[in-house]
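Two complexes come next, and they have one chain in common, subunit A, joined by subunit B in the first and subunit C in the second.
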Partner chain A sequence: MGRLEFTDHDRLRDIVGLVERSDMARFVIDLSALEFIDSAGLGMLLILQEETETRNVRMIVQGAAGDVKRSIDLARLGEIITIAS
Partner chain B sequence: MDAIRHDHTADPAFRSFSLLRDRVPADMAARVAARFGGTAGDEGDGPAVPAGHVAARMVEALLMGQASRDRLRAAFDLAPALMVELGEGADETAALLDDWSGAPAADLPNLPGFYLSLTTATAYGLQCPVLVCDELVRRGVLDPQRRSTVELCLHEAVANAIVHGNLGLSSAVKSEPGGYRRFSEMMRDRLGDPAVVRRRLDIFCRWNERGIAIAVVDQGGGFDAEATPAIAGNDARSGRGFVFMRTLASRVTVTDGGRCTVLQFDR
Partner chain C sequence: MAVRALSLSDCRVLIVDDNEFNRKSLALVIRRAGITDIAFAENGREGLAAVDRFRPDLVLLDVDMPVMNGLEMCETLRRNAAHEQLPVLFQTALDSDEEQVRCFEAGGNDFISKPIKPGECVARVRHQLEKRKLFTDLAAFRERVQRELTHARAMQTSLLPESRRLTEVADRYGLTLDAHFETSSELGGDFWGLYPLGDRRLGLLMVDFAGHGITAAINTFRLHTLIDRLPMQHMAPSQWLVQLNAALKDVLPTGQFATAFFGILDLATDLLTFAAAGSPNPVLGTPAAPGGDGPRIRLLDSAGLVLGASRRAQYVDQSHRLPRGGFLFLYSDALIECGGDELGPLGQDAVPDFVRDALARDRQHPLRPMMEDFYARASLPLRDDLTAVWAARRA
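Up next is the complex of A and B:
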C-alpha cells in the first residue's frame, strides 16, 4: 500500500465504490502496510467514515504504526473513527 | 521568485552562473547563460569554469529538460546550488521567460543550501519532499531521527502549493455531499491544462549550525494565511496540513500573499 496522500483521490473513489456495492456490516481498513499518510489522506479516512456510516456499516481502522499512527494521533482521529491497534 | 530581481545590472557579479546541462539543447543552454550572465557546460564534464568571474559570487545551476527521481538524484550528486527543470517539449522561448531565477542562492552564494525548481506536472506525484530530505540527510544536515517530522511538514507545504496554489483548487468542495468526487474530477481537469501544469514549484533549502529553513514557493493565487486554523476540528475535511506544520516545525512563516511558506527547524 505504501502511501496515502493528496495524489490518491481517485483511489478514494474506488474504495467508496467498493463500499457502495457490498452489503458488509463491518468495513476494516488495515493500515499495517502503510508507511505514510498526509492530511489529505486523513481527510479521506473521514470521508470513508461518513460514507460507511450513512450505509450503517461499521468502519474500523487497524494496524496503524510509526509515522502513520503519529499523524492519526496528531489529528485526533480516534475521537471520531474507531481505531484498533 | 522574481527573475527581474536576479537580472538587475547594478552588480553584474551577482548574475554569474555556470550552467550544467542535462538533456537541454545546447542553444537553449547558451541563451540561458546569455540571459543570466553565465557560462554553459555539459553535464558530466564537471562544472564549467568561466573565466574572469569572482569565484565567491559564482552559482552553479543544473538545467534539465524534464526532471525525474533518477535525474534529480544524479543532479544532487553534482551538488549545484540550483536545479531547474525547464519542462520537456516546452516552448523554449517561454521556458527562458519562466519565473525561475535562483535569486536567493545567487544573492548569498557562500551560504550552504540548494534550490530546486520544478514544473507542477513533474512535482505532482514525484514526492519531492522525500528527495529533498534524502539529500539533507546525505549532506549531514538533517538528523535521520528527525527526518520524518521534516518530511511530513515539507510534504504538507508542497501539497498545499501544488493543490491550492498552482492547481487553484479549494478544499471547500470536499465538504459538500459527494464533494470528493467533484474534487477528484477538478484535479484531473487542472492537471490536463498545459498552462496550469507549467506553473513552478520552487523548494529552497538553507541551513546553518543552528537550524534548517525550507521555503516552498508556488505561482498560484495565494491565500490569507491568517485564516488557516491553529487547530482543525477533528472532523474537518481540510486544514490539518497547517496544523501539522505549526505543531511540528519550530516556526512557520507565510509570505508573498500565501505563495511562500517557510518552514524552520532547529538542528
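Up next is the complex of A and C:
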C-alpha cells in the first residue's frame, strides 16, 4: 500500500532515468498497490506520459482502484494517458 | 560538507587575561594566523564592557582573574540573548578535568590548553570562527528568505477578493458570501475570484494549481495576469476554460497543471451554468419544498481534463437551478484530503453531510462551523492549501 504525492518528486527522477536508459516499447505503471494520489502525483503521471511519448514508448497505467481511480477519472487523465482497468 | 578555509583577516578577537605576558603571547599566536583586529581586557568586568564596545567574533578567556573571573563573565554573556552564540574559548590547564567541565558548564564552547601551543590554539580558534560564520550566514539567509516570503504572501493575498469586496458584491447581487483561504506554507497554489458581468450575472472562479509552495504560487500570479486578458462577458464557461487552458498550456511546464471550476450565476433565470476541470465536486443546495425537511444538497459532477495538460482539452457546460435560498459551496481538495491522527480525511462523499451539519449550526454563515470541524480533525500544518467559498442567494 502506498501513496504518490508531493514529497515523492525525487523518486520520479529515477523512474524517468529508467525510461531514458532502456529500449522498451511498452511502459506499464501498475497502481494497484496505491491507495492515495494527490495532484502532484497526477502531475508525475503527466510527466512520464510526455517522457515516454517523446521516446515512442507506449505508456499504460493500470490497476487504479478506489480513491486513486476516482482522482484519475476526475482529472480526466484518460484523455491523454492510456488507462487500463 | 567541505568548508573552504575562511580568511581570518576580518575577524575580531577579544583576549581577556590578567597576565600581560599571556595576553601578548596569545595575540602573537593569532596575529600570525592572520587575525589583526584584537582587543584586550584584564578581567571579566572589563571583558564584558569590551564585548559591548568591540563586538568581537570570538573571546579567548582566562579562568582565574581578579574582580570577575572568566566563568562568571561567560555565564553573564550567556544570559544576554545578544551574546548567546558568541564563541568563548577558555584557557585552562589540560590536566584539570574538573576545571574543563566547569568551563563547559559556564557556557564555554571549547578550551585551549595552557601553556599555549600555537598550532592547537589557531586550529581551535579557526574552527569556532568558521562555525560562527556558517551560522550567521545561514541565519542571514533565513531572515532574508523569511522577509521576502512575508512580502510575497501579502502580494498573493492581494490577488484574492478582500472582505470589503465580498460585502460589496454580496449586496449588489443579493448574496451571502464567505471565504476561507489558508496556505500550507507561506505561499500557496490556490486562487479564487468573483467577476461581476453586468447587473444580473456574476462569474465565480476557483483554481488550484498542483502542488503548493513557491512554484504553485508563481502560477497563481501567472493566472491572475491571464484572467485579465480573457474576457468572460460573451462566452460560455466551457469556452472560457478552453481559452484559459490554452494560455496555461503555453506557460506551464509538463507535470504542472490546475484544477478549476468556473461558473456564471444568472439571477434573472435562476441558473448556475458552469464548466469544470477536475476540481473537487461542488456542493449545490436548493431550498426545501414547502413542508420538506431542509434543503436538497448534492454534489455536482466536476470531472474534466485538468488545465494546462493538453492543448486539445474540451469542456462541457452544465446548468442547474440556483433559486433564492439556494447555495453553492466550492472548496479545494485540502478540505477532503487533509486528515489528522485520530480521524482520517473527510473524503468526497462526506461533504454533503458536512455541509448539512454546518447549516444546522449556523444557517446564515455555515462556513464558520465547517472550518471549525475541519480544523478540529486536520493536523497542522496542512499538507495542502485550503480554499473554501460559500455563496448563497438570500431568500
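Simple rule for what comes next: the second predicted complex is superposed on the first by the 84 of 85 C-alpha atoms of A that agree within 3 Å, B and C clash if a C-alpha of one lies under 4 Å from a C-alpha of the other, contacts with A are read in each partner's own complex, and residues count from 1 in each chain.
Following the convention adopted for this analysis, contacts are C-beta pairs under 8 Å (C-beta built on N, C-alpha and C of every residue); 3 or more make two chains touch, one makes a residue touch a chain.
Being a predicted model, the structure only gives us computed values, none of them experimental.
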Overlay done on subunit A, so just call it for subunit B and subunit C: clash or fit.
clash
A:52 contacts which: subunit B (first), subunit C (second), both, neither?
neither
Contact breadth on subunit A, by residue count: subunit C or subunit B
B
Which of subunit B and subunit C A:73 touches, first, second, both or neither:
second
With both structures aligned on chain A, tell me which stretch of subunit C collides with subunit B: 150-158, 168-176 or 312-320.
150-158
Intersection of subunit A interface sets (partners subunit B, subunit C)
5-6, 36, 38-40, 42-44, 46-47, 67, 70, 74-77, 79-80
Taking the touch rule as given, give the residues of subunit C at its contact with subunit A in the complex, in rising order.
208, 210-212, 254-257, 259, 278, 280, 302-306, 309-310, 312-313, 333, 337, 347-348, 383-384
For the subunit A and subunit C complex, residues of the former touching the latter:
5-6, 36, 38-40, 42-44, 46-47, 50, 67, 70, 73-77, 79-80
In the complex, go through subunit B and note every residue touching subunit A.
124-125, 127, 148, 152, 155-156, 159, 162-163, 171, 174, 180-181, 183-184, 187-188, 232, 234-241, 243-244, 247-248
Applying the document's contact rule, which stretches of subunit A touch subunit B when the two form their complex?
3, 5-7, 9-10, 12-13, 16, 36, 38-40, 42-44, 46-47, 66-67, 70-71, 74-77, 79-80
